[in-house]
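Shared between the two complexes below is chain A, which pairs with chain B and chain C, respectively.
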Partner chain A sequence: MKILVCCGSGLGSSFMIELNIKKILQEMQVEAEVDHTDLSSAAAEKADIYVGTRDIAGQLLCLGGRVISLNSMIDITELREKLGVVLGVPVGKV
Partner chain B sequence: MLKFLLDILSVPAVLVGLIAMIGLLAQKKGSSDVLKGTIKTILGFIVLGGGAGIAVSSLSHFGTMFQTGFGIKGVVPHNEAIVALALKTYGTQTALIMAFGMIANILLARFTPLKYIFLTGHHTLYMACMIAAILVAGGVTGLPMVLLGSILLGFTMVFFPAIAQPTMRKITGNNSVGFGHFGTLGYVLSAWVGSLVGDPTKSTEDIKFPQGLTFLRDTSVSIALVMGILYLIVALASGQVFVEKELSGGQNFIIFAILQAITFAGGVYVILAGVRLILAEIIPAFNGIATRLVPDAKPALDCPVVFPYAPNAVLIGFLSSFAAGILGMMILIAFSGSIPSLAIILLGVVPHFFCGATAGVFGNATGGRRGAVAGPFSHGLLITFLPVLLMPVLGDLGFANTTFSDADFCGVGIVLGNILKLFM
Partner chain C sequence: MLAKLLNEDTVRVLVECGEWKTALRAGGNLLVSKNYLKEEYIDAIIANHQKLGPYMVVAPGIVLAHARPEDGVLQLSLSLITLKYPVAFGNDINDPVALVITLGATDHNSHLEALVQLMELLMKKEDVEKIMNANHQEEVLQIIRQYSRVT
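Moving on, here comes the complex of A and B:
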């Protein structure tokens, strides 16, 4: 499974979200490839789950994977819940 | 043997690879991860150099057309382009200042009240590069340069988050996260202007604002579009005959202009891919070590961290900053008659988009709607005029067709460069 985090330039914010996702996946004991990139490259990169903050998540909808739209890039609880829903991992278990 | 070692260490690509390797070993990664991470970091540096070649070739055509059409020097403010260019000369110095600057950041966060860990790695790289260029131009070399540069870089990595924090608290509603982006002087200005003119309770987020411009968040697209317009203007100004005879090798001048703009965007795209590879191993290592040594420090994050708090202010801020950039450019053109050496700072689409947008969120936090217009406008003027003062202290880099764009690079460079001039 591949999770791709996107932001405008694919440098800063997507990278920070990627680090948080990796931390959460480790807690959940889920194996997945996590990477970050810019919006242009996202269209050319196949992923099962695309992640972006709500101001850009709309542009990820047509890429063919499931999309996680985040209200805040720093709220790890929100990220954990939304990731849990998409991955089918119950929140209580974590 | 010593020469062999020095030869290896003086190749910046190898040096950053080595820094990544030390970071990976410090995290006790397995040997395959260490090997993979080190190679990818070196690869990133090589890719970045390739991107620089693409961007610079298209910028030099732009510079020629601008000079021919208007008789003055036009400069495109663009961090990636100037850094990629500068790394060809100052690669080793930049890599050393970056590595020791991150250590200085951790020490400052550990032992002073400025408890921030600056995680926006590409800005750490760009600031290290800018400081290296200024120090070398100011006659500081060798060990003193690395020492002074690292301390300075470490200081900027805690100082700028600290001055942004009062407004950051207003934006995020808590104090758990810091702001790390080297456009902070512009954002603090925007927040101050906002507080003078507006009312924070009348937020931009209460109005319905069309979101049709969000496709501009795609950096490559927005660079190609705005640079396309600028290339078309200079191509028309320098004339069909000139372009087709001197530059395009007979290709139609309009097509040439548009393709060169997209070539520039392509160069930046490649540079960004390189930067991403360089940082992929270094930043997690830095983050891991820093959070272990300074557990109570706040992570200082890249500017889009504030975007979801006020998406309307993001767009209003971009438009307002962009408008100020156009006005500032016209003011510079008006003065260019009386000051012949004056360079015209053109519209930098990336700084106006990212920094202008951030200035919008900061202005909105202190001054609501009016703040989200007036704040970014003042920011747009600031980032148009600051590079003019930066270029004379950049040494040989000051003659390039591109320069640093964001406010703090210019602010730090101007202060440092002029202090060094006193000692020369």
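Moving on, here comes the complex of A and C:
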């Protein structure tokens, strides 16, 4: 499974979200490849799950994977919940 | 690493800005005046914000302003300013912004270490609040030093 985090430039926010996703996957004991990139390169990279902040998530919808839209990129609770839903891991179990 | 980049030259508190563009300029100018960024880098940040939407407002009250290395970064740099009067950036959930962090990255990797430390700070609500409420630069620098490590 591949999770791709996208932001406008692929330098700042997407990397920060990637770090948190890796932390959560470890807690959930789920294995996945996680990477980050900018919006314009995202289309060329196939992923099962695309993650972006709310205002760019709309542009990820047409890429063929599931999309997670985040209100805050530093809110690990929000990320954990939304990732849990997509991965089918109940939040209470973590 | 974080304290090396965020220091007496690059941190300001209670900056007065009327709107989002002046807030971005105020944060960027700290780095332009040190010759870390070219002036046009700030233009690129503003253009990004207009083109892609307010995605750089990464959390409630916090904007992480940046463009790309080729837009005019001369040296890896960060600045942090708090706004005396928070301003709207057009992000209905996370507005108004009271903390403007400007990042100038020279490539895709050299800034990541500082960014990790910065994020540890941003995820600690109490410390973010202390920074937003700080009346003196030294209060902010003290908090930054707690998160700064040499790795």
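What we mean here is this: the second predicted complex is superposed on the first by the 94 of 94 C-alpha atoms of A that agree within 3 Å, B and C clash if a C-alpha of one lies under 4 Å from a C-alpha of the other, contacts with A are read in each partner's own complex, and residues count from 1 in each chain.
We take it that a contact is a pair of C-beta atoms (placed from the backbone, for glycine too) under 8 Å apart; a residue touches a chain by one contact, two chains touch by 3 or more.
Because the structure is a prediction, the values reported are computed rather than measured.
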| task | Scan A:19 for contacts with chain B and chain C and give back first, second, both or neither. | result | both
| query | Should A:32 be classified as contacting the first partner (chain B), the second (chain C), both, or neither? | reply | neither
| Does the superposition put A:76 against chain B (first), chain C (second), both, or neither? | second
| query | Just chain B (first), just chain C (second), both, or neither: which does A:86 touch? | reply | neither
| task | Examine A:40 and indicate which partner it touches, taking first as chain B and second as chain C; both and neither are also allowed. | result | first
| message | Considering only the contact definition stated at the top, list the common interface residues of chain A for chain B and chain C. | response | 7-13, 15-16, 19, 39, 53-56, 71-74
| request: Can you check the complex and tell me which residues of chain A touch chain B? | output: 7-13, 15-16, 19, 36-41, 53-56, 58-59, 70-74
| note | Note: in the complex, chain B contacts chain A through residues 119-123, 172, 176-177, 181, 211, 214-215, 217-221, 269, 272-273, 275-276, 279, 283-284, 287, 299, 301-305, 307-309, 311, 314, 350, 353-354
| request: Provide the residue numbers of chain A that touch chain C in the complex, in ascending order. | output: 7-13, 15-16, 19, 39, 52-56, 71-76
| Any idea which chain C residues touch chain A in the complex? | 48, 52-56, 58-60, 62, 64, 66-69, 91, 93-94, 103, 105, 108, 111-112, 115-116, 119, 122-123
